[in-house]
Amino acid sequence: MIEPSYPAKEANGIWVFLEQDDGELAPVSRELAGKARELATQSGAKLTGLLMGGELASVQSAAALLDIDEVLTISHPRLQQFTAEPYAHAAAAAILARKPDILLLGATPYGRDLAGRLAVMVKTGLTADCTDLELEAGTGLLLGEVSGFGGGVLATIRCANHRPQMATVRPGVFPESTTTRSSPADVAAFAVEIPDSVCTVKVVHREKRQGKDISKAERLVVAGRGAGSDLPLIESLARLLDAEIGATRVAVDEGWATREQQIGQTGIITRPKLALVCGASGATQFTVGIDKADMVIALNQDPEAPIFEQADLCIVDDLVPVVRALVAELEAHNGGAR
Amino acid sequence: MNNGPHILVCLKVVPKSEEVGVDRETKTLDRANARQEINPPDMNALEAALALKDKHGGRVSLLSMGPPFVAAYLRVGLAMGADDAYLLSDRAFGGADTLATSLALAEGIKKVGGVELVVCGEESSDGATAQVPPGIGVWLGIPQAMYAMDLEYQPENRHIRVTREIRDGEEVLDLPLPAVVSLKVSTNEPRFMEPDRWTTQRTDGTVTVWAASDFDINPEHLGLPGSPTSVAGLKEAQGAAGGRRREMVTGTPGEEAHILYQRISEFLAGERSGAKER
Amino acid sequence: MTSVAPRPILLDDANWDRVLEATGNKAAACFQCGTCTAVCPWGLVAGPSIGVRSVIRQAQLGIPGWTNEVWRCTTCGACEAACPHAVPIGEVMLGLRSIAWDERKPPAGLPGMLWDVYWDGNPWGRPPSERSRWAAGLDIPRFDPAKHEIMLYIGCTASYDRRAQKIARSVVGLLRTAGVTFGTLGDDEPCCGDPVRSVGNDAYLQEIVKANAGLFLESGVSRVVTVSPHCYDTFARCYPDLDGKFQPQHYTQYVAELVAEGRLAFEGLSDESVTFHDPCYLARHHDATEAPRSVIGAIDGLELREMSRSRSETLCCGGGGGRMWMEAAAGERFADSRVREAAATGASVLATTCPHCVACLEDGISVTKTQNLKLMELSELATLARPYKPGVEA
């Protein structure tokens, strides 16, 4: 095997990468903190939040109130904006110095960039896009549950000898931790040099989208191919149900919805209470984004559409007259089922 | 106009996702009936590379790692317009996780020589880790830009400008070559094979095959031995935990809508009062 | 219109040669009368029409710049039927399309469709192993020349499209009622090549034809009966006839023969009246207008009310020329016009006999919300008329 950077028996502590942007902790950081606390309690490990960036004073205070034992900060002007190479360089230095046992990151674009580079720099195993994490009985090894083959197969991955055991976790999989510490956790600073040679990539420009984040929506109306025949109707339905509008890839490709609304394997994983899926056939690549919903209602004219396997209530019919009648009923009962 | 970079596209041949299952008894992957395909994001990567060649000239090489049958798929890539193709084929490469895979591919890229831009698909449909492109970046000591939606080559300083997706938005990065980028799936439509390359490339194109012995790598660092991660268990994914009710609602559209209205109201009332548990 | 000084058009020899080669110089006979432009169905719907005359002029002179118009052509042949010099306009259009592939500029979605034909053997991207699912429970045997009078060729659309699969089943029902012995190629049935031809990729089409002709020869295929007029047209037009051994027919032609030979008859159907939409690929490309009508005529009690645009004047449904894989904006669909015309005859049934016509016209009925008109494929209508084999006790 390839030499581990440090032996497993010297490794200890669970680290969580606290992704932050412009002084705000990313929601996935709170989700990871919650899950990591569960794991740390189980194993008795110390839980450290790794916070990196340029000017960290305000986000550091927020981080110190998370349910973690310590915040480890790496502050450097060259980390002001995320780029993979300087972040990986700095994080690798901290890892080799402090030898954590486990490192968890959110599977956001930045998290995956950093994790992918870091795992090879420190010669360790990385389990990507986990949908669940647990500690193996007996060994205490981290077990990551991942899906492959378009979501059709679930595998459990472990990293026996190399450290840190790394895993990225999809945003929205774990609930955000709402526990706060009564007094702030200790903050330790890690100093690091960042040479010119790792800073060759420039961020020319960065643009935040104004759209909604449907991964947090409690109610969703999903537009599939069949919804194209009457989009305003779908919009009325969503408004009356106080729901966000999500879409399948087909609907996004057709231009009826934006990529931020795209649900599924290559889009967003949602966990709504209620999902009303209109005119989507229910390919696995889509349903992996909706299968955590509490209740799924599916409307489709095709009796053999796979969506019906993944729905609680199934209506085989032309969705337009059904939705029209539903909208009429919601309007009659004054602003719908609120 | 022949100022374009030497681009290398990493292609992986994978079983079609929808045709793969898990053998319930042996708990191993059942791919016996699954047809093979070029990983769809890699087709987008190849199209992006060929589009750069259309515009700037240069050269597009293909690299893959897998059993000998993969050569036929590389010839499809040659027929689409790529210039040369290489296949790393050896049992020693087998069973590799992303660390060992990215190492082998990086060595292959060095052996091809002169590569300035490595283009990959964002992830492969089977493993879906998206980790190989950054791994290649580390082994080759080159910067990366992942989840690209657009690639723009700047001949004056041999930089590449990448528009890519980030959480809540997008950013434009400027990277000096050599660099590695990965393409987001479906960002372009892969061109069909060129009529004049049908026979010359698709049936008769040359694929150079390399074995582990063609490289100076410690065999302990390749394949299964070189993989820190391993699969501890496998199962077929179900729908939601607890299964779905799959209750049919029938009638006229009006009747169906009425039932829906009632059930939705009941459900939401129950949720509000906390009667349902998550 | 402001007056613009005339500019010379500079002819480029290389382009000229390229266009002549791609079109086989078939535009040569055109003398620019413009009748083609006048009869093109694109002139009937909202949105831009096709300047057929100027496209042909550009093809004669090798002047590029025809792109979008050429892709809207459905190859319906209305222009060809009206052309006083019998210019094969549709083939010129397909030849011009082939240049777009050389320039790597085909419309979006078409490369994906060709990849589907290449990897999956059908333009719908469905697995080859599912090709005979439409026949579940029907026990259709593999074609054996020693045992079977004909080989039934289903085609990709009737194999995979849920609506069109019903057509395949009703055709099988008619053949069985008549006691015809037949088989199919099952999951090995290849794509005839029509989608590839229709988007102008001639090199790939030739490869498909060669491979399929080899397969048919090996399998002892002689009489082939197709479900779709497009497959029939492709076999008749592009495949070698093997010295008369390879005899493709559309199923309506075969069924009309069965009726004439007394192998198939109908009890009758009295509570419907029908108007018949001639598919372009039968009526204009092969002058095959009478076979479907003789089947309708053999059904007692069934009244046929013709639309004025019938037989070789049929109005295209919009599905040919690869258009099934391209978008047509609402308001620009010929089918909407056609179903209104059908409804105006007062017939209760609009019958046709092509899977693409069925899809486009059913869509048209739904979109225009036409009442009191149902669409049926001819085999479905014939099945409703209680077919039987004369001389056999029921």
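Letters A, B and C mark the chains in the order given here, with residues in each chain numbered from 1 onward.
The rule we apply is simple: a residue touches a chain if its C-beta (ideal position, glycine included) is under 8 Å from a C-beta of that chain, and two chains touch if they have at least 3 such contacts.
All figures in this text were calculated on a predicted structure; none of them were measured in a lab.
Looking across all chain pairs, point out the one with the most C-beta pairs in contact.
The chain pair sharing the largest number of C-beta contacts is A-B.
Let me check something: if the centre of a chain is the mean of its CA atoms, which chain is farthest from chain B?
Checked the centroid distances; the maximum from chain B is C.
Give me the ID of the chain with the smallest distance between its Cα centroid and the all-protein Cα centroid.
Checking distances from each chain centre to the full centroid gives B.
What's the distance between the Cα centroids of chain B and chain C, rounded to whole Å?
38
List the centre-to-centre spacing of chain A and chain B in whole Å, with centres computed as mean CA coordinates.
Roughly 20 Å separates the two chain centres.
If you average the Cα atoms of chain A and of chain C to get two centres, how far apart are those centres in Å?
49
Hey, which residues of chain B end up touching chain A in the complex?
Those in contact with chain A are residues 15, 17-18, 20-22, 29, 97-100, 102, 125-131, 133-135, 137-139, 143-147, 161, 164-176, 184-186, 220-221, 225-237, 239-240, 244-250, 253-254, 256-258, 260-261, 263-265, 267-268, 271, 276, 278.
Inside the complex, what are the residues of chain C that reach chain B?
Going through chain C, the ones touching chain B are 98, 101-102, 104, 106, 108-112, 114-115, 118-119, 127, 129, 201-204, 207.
Under the touch definition given earlier, write down the residues of chain A that touch chain B in their complex.
1-2, 4, 21, 26, 83-85, 88, 108-110, 112-113, 115-117, 119-121, 123-129, 136, 143, 146-162, 171, 200-209, 213, 241, 249, 253, 259, 265-266, 273-274, 276, 283-285, 287-288, 291-297, 308-318, 321-326, 328-330, 333, 337-338
Taking the complex as given, what residues does chain B use to touch chain C?
16, 19, 33, 35, 37, 54, 189-196, 198
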